[in-house]
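Input: structures, listed below.
After this come two complexes, each holding subunit A, first together with subunit B and then together with subunit C.
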Partner chain A sequence: MAVTHSTSNRTAGEPRRLGDGAFALVLTLPGFALLAAVVLYPLIAALVTAFFEQSLVLPGREFVGFDNLRDVFQDDFWQLLRQTLVFTAGSTILPFVIGFGLALALNTGIRGQRVFRGLLLVPWLVPGVVVSFLWMWIFNANYGVLNGVLENIGLLDSPQAWLADPGQASAAVIIAKTWQSFPWIMVMLLAALQTVPVELHEAAEVDGAGAVRRFFAITVPHLKGIIGIVLLLELIWNFQHFDIIYVMTGGGPAGSTQTFATAVYETAFKGFDLGHAGAIGLLWMLILMVFVVVYVRYSERGEEK
Partner chain B sequence: MTATPVVTELPPAEASAPPAARRRRSRPGRLAAWAVVVVFGGFGLLPAYWMLVTSLTPREQAFSYPPSLIPDSLTLDNVASLGDNPDLFRYLTNSIVVSVITAVLSVIVSAYMGYSFSKFRYRGRRSLMYLVLSSQMFPQALMLVTLYAVFSAYGLLNSYAALVLSFTTFTLPLCVWMLKGFFDTIPDSLVEAARVDGASRLRIIHAIVLPLSAPGLVAAGLFAFVRGWNDFIFALTLAGPDKQTLPPGLVNSYLGEASAAWPELMAASLMASIPVVIAFIAAQRYLVGGITVGAIKG
Partner chain C sequence: MTGTVTRRDLLRLMGVGAGAFGIGGLVACAPSADNDDDDSGGTSETGDAAQDFSFASWSLADDASKAEIQKLMDAFASANDVSVSGVPYAYNDYLNQLTLQVQGGQFTGAAQLDIAWLAALSALGKLRDLGSVAEGVDYTESGLLSGQVDGVQYGLPWTTAAIGLIANREHLDQVGVTEPPATLADFEAVLTELKGAGFIPYAASTKVAQLKDILIWMETFGSPLIDGDQVTIGDDASIEAVTWYKKLYDQGLIAPDVERLDARNLFSQGRAAMYDDAIVGKAFVVGESPDPELLSKLTALPRPVLAAGDTPRAVQWGHAIVVVDGEGADTAAEFAKFVTSDEELVLGYFEALGLPPTTDTALASDTVQNDPFTAEFGERITATATPNPFWRFPQYAQMETAVAEQVQAVLTGASSPADAMRAAGEAVQGLV
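Up next is the complex of A and B:
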């Protein structure tokens, strides 16, 4: 920042001053320097590699145009898209149902509400790898508690190797992610529920509206804004979730739980093929941007009200 | 708390008791509420119970089938055996060092940025705020593809710096917003008065605004600490064995082996979870007042 040309009201004995606008921008510089170095530059550079043949371990690169993108489409793009969407949908809907249900139940002012809310936050607080370890142990084929319980109550004839079966493994990572996500949704919706005027419910009740009717006519409209925010953010986050899938299944068995996130990572850091990783990433970003644009539009609209 | 850069306000615990006397619910309504709490709450709490029980169960019992839901005997052997693994101590030290430095650096960087957004009006301010917020929307696995090369070029791979710089950056959206919220509550007249008295703009920040926002600084620091503590993908990729933090360290220590040592791993998981729970409880006290939920606000 050039300070020499600043002419703003200097008082005696004070060093040359920046104008207020420039001063305010200087305050943001350290933060923007970090954002540029850690987020913006790497992101753009990664997208650019989509058009190059480039290795993680070898120097140099060669422009190959759309070859990498063509390879991705011929390879497993549609499978990745389908699996990512299944994970995203499951890991958004299930925690939403559980979180909303708990928020409604806790909002009735049942005894122990505060204790429950506090305890139920724990899954969301702990590291993602801890969530993964715990569910791997629960789903364990030989000693897992899930097999034990299900056999005990007669739902299972013999122990299952849950994480070794493609369909069951996909369900397992969604369940683990659900366990991690529901507390945040619960807290957000519980906070919003407490802003619903009690008088509205009372008046409707006097007028003979039942609980279900009141839920849809009063509670849901009141929460519409926050429900939209919560769902969109969950979609955006789950669409790029990495930790739980990578630790629990590593994308397996047979690639059945691979998503864009794990595929990009594996391609770059195990296959060393940065060009291919960049190409998957480019397509991934394009789809993600659709969610983000919807989110920004939505939150702007909410603000205007 | 992995990806939660949206500013979340927990209603203060006291306020969660509804205003006035909450309507008395009908009997079926209360039953339904309890049914939901038992079923969904069970889904939330039983796995955590199982982690606790497994980490306190003797080895032979943990590896018996079918497992007994209520342990016959408890032991601290699994916790104690963590001490035999020298790697764990290194991971723990790394986690503490990296998370603490991240917390401090994040508070410093976000305080200046948040103050700029809160107390100045200039062209492009809103766009810049959106830019900070939007950084939480991008896929980290993709950034790493080239971030690895960037850090490698500057000789920062396998260093604390690589982790601290990355973690600090990802705490910015949350911490800047939290602190902006705190600064917004400080009356402009106070800043103006100090200015009239001849205090420089930096002095106003350091001597007036920051001390008044101490609770906010602590809360932001605690959140940044948790962000650093819980991270997996950056620590896995950018830090070698010497500088790795607990999350990737635990994966490398325990999941590589053919038969994982589950009771010890559950004990280690428990240890790795305690600091973030404590940090959150400490921060929650400060999360009272005007921080808005989730939305982007100017």
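Up next is the complex of A and C:
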């Protein structure tokens, strides 16, 4: 069906036609309506809850202003922020380094590159909960693989309770998340690496530039855009990551791996305190917005170039 | 085909769309099928037709027991020509999941319930009073009491016993222990011997999920936990209990990173000499063990006491079946009665899983009377068991989590016993 939509030269009695802008707007309305129903309404409703004392299981709620926010700041906000940032930074930097290294290795044209690339993608394809159980088993204090291996090669005298120690538990969830994330980073960077003109490297080599010099002078500048996007997306995703932390440690031991994501769930669905959970969620979203704004501006700058 | 889309056309289309959307929304917002009219669906007892219903159960999520539960459901379904849909949730998430489902109106029917959770679930106001259903059944008095909140019979008792220490007699013999250690000092000495023999002496809970077990040790040390509505956690006895637990942890007499399922695994593999469990643990550890003789080696130990002559402490434990009002609730109530009182069924269930029945007739049967482990467990543990004083509060689950998190903070060295118990006491008091 060909569609015409003009507003000019309308004669009496003829229906008024839509302009392009209005027509486009109307076409997007169903999408907006769906978005409003499944995203905006729940989001706004959850954020509004931050200003009420409300239980998940008891009827009624009472407006309490900023009390919930004040309580969050007094209770555990700074600890949650610190732990969330530690997890986010660790789970972004470590897989980035590994993913970048593997992408460089696979880009050298080694034999079996496709097979390696396929195999290395497996962790990314495994569901998060399965990854979590896998690593829980590896790190288990009493029958874990890691303790077994370390004891057998003489590096440990007695089993180590990796997930029962606050510092080691934090490291363990970062390692598990790294294992799950690096393939995606590797694939993105490998794709970008394959767009770097070989001629540039050859010319630089002729001019006497070594491998390191060529890496920093040609490869890295060429990948700057994709590196920025990958890092920002990883930061955003890790800042709101839930499943691996929740399944592996439940936020423990003693709350040492609790992040905003797990704290909101624990508070709402185990503590049944929707008001407090809403307050944590509100603060969490405000911080997340900073990452999102940086990401959007970075993307826009890339498009302008 | 060529056409012209005018504003009028679009408005018309949007009107139709909005109408459809509105109707859809109204349908979605309309009361679901579980309204009062449907409650009249009854069973053969009331003369009405039996209705399909759901049965929520953590035992359905447990490999050791799900086949037996399925048998019970199938038996009722075929006898009444209805369909019983199983709703499995793992034990550790069970109360939260069930609460959310019931509160959201997504679940009606029968549900297995730990007697500790009865007050929490009844607070939602959606449980059916099963007093009239229980009439005429010879449930034991203690069983009936375990299913009541403020005198209302919300649950039909399915099994009642206690949580206590289960040990491997062979491991105890190996270190020369022939009698259960009576006092805490004796107990520590036995644990030290067991450690020396290469065992995990006591696979006590050290993960938050089951660290509620610390409460019975607090009571053993003399803390009442609550006096009236005044929480006493933070008193000297509770601090001493946690200090002692931390000592066991630091000395390697209890293992890190353990909850009930880990403990059962370690025990069934012969690596742990003892652990805390309800009598239901027998079926799991025996079923999972590579040792075909493990059943004959199981022994129940009374919990050691602070001073010789004290009464050993044990916490009551049991399951009830409750009915959430709504579609199929009448039939679900009949199911609850059938599963908890049909003699052949409860004895078969006992033989398969070792869960003591709750009717006088079944308890007096040879099947139960002649089971040595059940007899020993009853004599040494259930006989002195008491309910946890926090069970009466709907916020019980939050209370035990508040305590467990503080105890874990002590175990990891993040907090001192005194600070942690003071914080735990304040947190629990805030929930009273």
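Annotations for the structure displayed:
FYI, the second predicted complex is superposed on the first by the 271 of 305 C-alpha atoms of A that agree within 3 Å, B and C clash if a C-alpha of one lies under 4 Å from a C-alpha of the other, contacts with A are read in each partner's own complex, and residues count from 1 in each chain.
Here is the rule we use: a contact is a pair of C-beta atoms (placed from the backbone, for glycine too) under 8 Å apart; a residue touches a chain by one contact, two chains touch by 3 or more.
Bear in mind that the values here come from a model prediction, so they are computed numbers and not experimental data.
In the superposition on chain A, A:23 contacts both subunit B and subunit C. Contact with neither subunit B nor subunit C is seen for A:90 once the two complexes are overlaid on the shared chain. By the document's definition of touching, neither partner reaches A:275: not subunit B, not subunit C. When the two structures are aligned on the shared chain, A:142 is found in touch with subunit B and with subunit C.
In the superposed model, more residues of subunit A are touched by B than by the other of subunit B and subunit C. When the two complexes are overlaid on their common chain A, residue A:166 makes contact with subunit C while staying clear of subunit B. In the overlay built on the shared chain, the residue A:56 is in contact with subunit B and with subunit C.
Of the two partner chains placed by superposition, only subunit C is touched by A:254; subunit B is not. By the touch criterion stated above, A:233 is placed in contact with subunit B alone, subunit C being left untouched. On subunit A, the surface touched by subunit B in one complex and the surface touched by subunit C in the other have residues 23, 30, 56, 140, 142-143, 269 in common. Those residues of subunit B lying in contact with subunit A across their complex are 1-4, 6, 8-11, 13, 15-20, 22-23, 25-26, 29-30, 32-34, 36-37, 40-41, 43-45, 47-48, 50-51, 54, 62-67, 69, 108-110, 112-113, 115-117, 120, 122-123, 125, 128, 130-132, 134-135, 137-150, 165-166, 168-170, 172, 176, 198, 200-201, 226, 229-230, 232-233, 237, 246-248, 250-251, 254-255, 260, 262, 265-266, 269, 272-273, 276-277, 280, 293-298.
By the touch criterion given at the top, residues 1-10, 14, 17, 21, 96, 99-100, 103, 123-124, 200, 206-209, 252, 255-258, 262, 265-266, 269, 271, 394, 397-398, 401, 405, 408-409, 411-412, 414-415 of subunit C touch subunit A in their complex. By the touch criterion given at the top, residues 1-5, 15-18, 22-23, 26, 29-30, 33, 56-58, 140-143, 158, 161-166, 250, 252-256, 269-272 of subunit A touch subunit C in their complex. Of all residues in subunit A, only 11, 14, 20-21, 23-25, 27-28, 30-32, 34-35, 37-43, 45-47, 49, 56, 98, 101-102, 104-110, 113-114, 116-117, 119-130, 133-138, 140, 142-145, 147-149, 151-152, 159, 179-180, 182-184, 187-188, 190-192, 194, 198, 201-202, 205, 211, 226, 229-230, 233, 236-237, 240-243, 246-247, 260-262, 264-265, 268-269, 274, 277-278, 281, 284-285, 288, 292, 295-296, 299-300, 302-303 touch subunit B in the complex they form.
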